[in-house]
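Have a look at these structures, which come just after this line.
You will see subunit A twice below: alongside subunit B first, and alongside subunit C after that.
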Partner chain A sequence: MNRAIVELTARQLLGQRRSLLLVVFALIPVGIALLYRFEGQQPNHVQWTANVLGARLIVGTLLPIAAVIFGTAALGSEFEDGTAVYLLSKPLSRSRVVLSKLLVAWLATGALVLASVLVAGAIAIRDIPDQGVLLGFAVAVAAGSLAYCSVFVLLSILTSRALITGLIYVFIWEGLMTALFSGTKVLSIRQYTIGVAKWLTTTSERTFAARLDGPEALALMVVMSILATWLAVRALARWEIGESG
Partner chain B sequence: MTATTERETATAGAPAPAPAIEAVSVSRWYGNVVAVNDVSFALGPGITGLLGPNGAGKSTLLHMLAGFLAPSAGSVRMFGETIWKNEALYRRIGLVPEREAIYPFLTGYEFVLLSARLHKLPDPEAAAARAIRIVDMGSAQDRAAAGYSKGMKQRIKIAAAIVHDPEVLLLDEPFNGADPRQRLHMMDMLREMAAAGRTIVFSSHILEEVERLAENVLVVVSGRLAASGDFRQIRKLMTDRPHTFTIRSSDDRRLASALVSDTAVFGVELGSDRLTVRAADFAAFAHAVAKVARGAGVSLFEVLPTDESLESVFSYLVKR
Partner chain C sequence: MSQRDEPAGSIYDLGYRRYDGPRLGRRHAMLSLYLFSLRGAFGLGRRTSSKIIPIAIAIIAATPAVIQLGVGAIVSSEHLHVIRPENYFNFIQIAVALFCAAVAPEVMGRDQRTRTLPLYFSRALLRSDYVLGKLAALWTALLFLTFVPQALLFLGNGMASSNSTGYWRDNWMDFPRIVASGALVAALFASLSLLVAAQTARRAYATVSVIALFVISSVISEVISGTAGGVWGQAAVLLTPFEVVRATILWVFQSNAESGSALAQADLPGYVFFAMLCAATAIAAWLVVRRYERIAV
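After this line comes the complex of A and B, so read on.
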């Protein structure tokens, strides 16, 4: 890890307009939780909070969108505007560069999504026992943020169209393919995250179900994060500058 | 044509130190396009100008020297070590890229300080202040880089590149956008660094820039090293090449017959409204033409050199 890169990246990410839009986006689950609370039709608040708010809105939408924006911008924006050369012409190992960028992307994504989980969840669950749903989703989105960000940092080194590619991955693979074909669950960060969240709750299968067992989901998530980070370091070591005469 | 300029001196009995920069049969291609073709040279302390027209392969070559492009064939070494995938060598190298991009949210001082911190210098604040003083950017150091002019960005980029006092400084078109005063200041600064034993390589497509600054030159044309070595010798090659002039006069036919007997002229072609003359020496012909015309009683209306573009000079060097 390199402190100068961490500080630089934090200023880069927090200063961009997209980050402000993401904060607005993170408020949507909070707004929906408020609407749900005032409507008061659903009989099982835990079930609604876990399935609709947690799994669908936050893990299914907010988490991958925040991760793709922060993850691809952390290093990708430097390739885009030509400033990456200032980092890469220094006596720093490429692993340090990747890990520093990944740390900031992860913290930014994790903080935003975690805040949304805790605030929206607390509003929706009211004052009844939550059966570990809030804690489960809090831990799961923190771990899921890391897995997503490591994949998107890798993507930003491999392609100059990382944001578009990442969004296609989120909507086509995570959103559509894993919904249609259950066999794809072992290659879905969304399913890993839901698996970890379910593992940490005490809810019944009828209330909240996951396609992957908790330990299996966590193991796959760890493998995915390490593999993507390792590939990102390798790709950065082989990165070549664009040409112009 | 390839040539080698070896300016390192070996002390008697001791093994010769590795040159600061060495390219051995370096080529780089993109699919079927060859950007750099079998280039070899070795450079030591002093200023070397990498000269060539736009698209000649200068940036490709400079990026390979900086370790940002892998050679497709051959090798690039700095101080005897391969530069590609060798991050540790950046302790000894400073790089000023051509692109203007600087983090727009940082001030000039913060940008140079970042460079000092990334180099893990013991006193980054003092190093940043020193580098900014050298490029004369003290008065603008606290302004956001986003508001800098092109010339100011070049200077702050140089400050960031020299903050760790590198032994080798690579600059890609460093004078682009600099006004004449800034240009002179940057040239003086680079001369001082060279006098202190640093190896400086800069690329340019402007002959006059290279002429004013570099004592050593690498001329790159179409990816190949067209000439290399002492700038004065290469300048002479450029000046001594055949030159073509078009002339309009009061009597082209009479002038043609007078010019044929002049030793500076080796070809005359009579056109419908002008005369085309080929001369061996630019300066000798420029002196002779007026005298010959006066002697023949002909009035000169127009004398134009037709092939003085840098591209034509370069293509002459390649054909030699």
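After this line comes the complex of A and C, so read on.
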């Protein structure tokens, strides 16, 4: 890690117009939770919070979109602006550059999604015992942010079209293919996240079901994050200055 | 004009001539822009790789009609209606959305990317004319998905039936309805996707933003209508273009939503959806015009 890079990246990420849009987007689950609280009809609050709010809205849309925007911008915007040359010609090991960038992307994504899930969840679940749903989703979302961001940072080094590739992964692969073919669950960070969330709750299968078992999901998530980070470090280490603009 | 063959200056005469041919004016400029954009929407006059996606999606949108006609030709049954005209949109909605995502950035952002926008704006064309020409082009392109297959289906069904004139006499009212519903669907999708595509000059961002608009609005609408009762749950179906369009088509055909669907649960009168569709189309078009009035070229 390098403090200067971390601070610089934080300024770059938070100063964009896109980040403001993301904050607005993170408020949508909160709004829907308020609507549920005052107008909702489902009797089972835990079930609604876990399936609709947690799995569908937050893990299904907010988390991947926040991660793809922060993850691909953290390092990708340096390539885009042509400032990567100045960064990479500093006497810093490339692995520290990657790790610093990844840390900021993870913190930005994690903080935004975590705030959304905790506030919206607390509103929706009311005063009844939540069977660990809030804690489960908080931990799962924090871990899922890291997995998503590491993959998207890797993408931003490999291709100059990381944003569109990442969104295709999120919408087409995770959204469409996983709905059609259940075998693709082992290659879907969304399913890992839901699996981990389920593992940490004490809810019954009927209330909240996940496609992957908890330990399996966590193991896949750890493997995916480490592999993506390692590949990102390797790809950046071999990136030669002057190779592309 | 009379002195056009006389030299204009004595020393520095470089032989420049005034243009005194016909000036075709604003209307002609708009028409040319419209035709050029419409051709561009299907990649005509461009390289092969930009033809593949729009034409493939248009073929996908026509596939249900072709299958129905093929089955009808073989089985030749009078009452075989696999696809009712009011349900046709349900089969092609994903194709329509993907077509918008692929084509709207071609129609809208291309002149900004190639920096030809100043050239357009220095002509007789007004900025609002430019936007309206582009809108009309995308609208017409979408008609090839939302109207043409159904019109072919209507004609083909009649020809396949043993009593063609009888078929057309019984079902002639369907034709104006097919025209109206196809035009309305195309108008909403064209103006919404151009509104999103106009926000950025970069094609990848525009494509993804259009897809994100469709996906996110559907998810939010679905979640709200599954969550809340009362007015909120009813109004939630108005949040996604797919349900608005489906309901408007049903209203045009004077038909009812399938029981159990989100529309049946919402149970709103059809003209509400029609009004929503018109309002959304008009507001989106106005916002695009406003953006182009202010854009710096």
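The rule is simple: the second predicted complex is superposed on the first by the 239 of 245 C-alpha atoms of A that agree within 3 Å, B and C clash if a C-alpha of one lies under 4 Å from a C-alpha of the other, contacts with A are read in each partner's own complex, and residues count from 1 in each chain.
Operating definition for what follows: contacts are C-beta pairs under 8 Å (C-beta built on N, C-alpha and C of every residue); 3 or more make two chains touch, one makes a residue touch a chain.
This one's a predicted model, so the numbers in the text were calculated from it and none came from an experiment.
In this superposed model built on subunit A, subunit B and subunit C occupy separate space and fit side by side. Judged by the touch definition given at the top, the superposed model places A:Thr202 against neither subunit B nor subunit C. Working from the superposition on chain A, the subunit A vertex angle toward subunit B and subunit C, CA centres, sits at 80° in steps of 10.
By the document's definition of touching, of the two partners only subunit C reaches A:Arg56; subunit B does not. Once chain A of one complex is fitted onto chain A of the other, the partner contacts of A:Ser182 are absent, as it touches neither subunit B nor subunit C. Of the two partner chains placed by the overlay, only subunit C lies in contact with A:Tyr36; subunit B stays clear of it. Contacts of A:Leu92 after superposition: subunit B is touched, whereas subunit C is not reached.
Within the superposed three-chain model, A:Ala4 lies in touch with subunit B and out of touch with subunit C [touch as defined at top]. In the superposed model, A:Phe171 makes contact with subunit C only, not with subunit B. Partner contacting the larger number of subunit A residues, of subunit B and subunit C: B.
When the two complexes are laid on top of each other via chain A, the two nearest Cα atoms from subunit B and subunit C are 17 angstrom apart. No residue of subunit A lies in contact with both subunit B in one complex and subunit C in the other. In the complex of the two chains, the subunit A residues touching subunit B come out as 2-5, 8, 11-12, 15, 81-83, 85-94, 237-238, 240-241, 243-245.
Within the complex formed with subunit C, the subunit A residues making contact are 25, 28, 32, 35-36, 39-42, 48, 52, 56-57, 60-61, 65, 161, 163-164, 167, 171, 175.
For subunit C in complex with subunit A, the residues that touch the partner chain are 204-205, 207-208, 211-212, 215-216, 219-220, 223-224, 226-230, 232-233.
Listing the residues of subunit B that touch subunit A in their complex gives 30, 35, 54-60, 63, 66-70, 85, 87-91, 93-95, 97-103, 105-106, 114-115, 117-120, 160.
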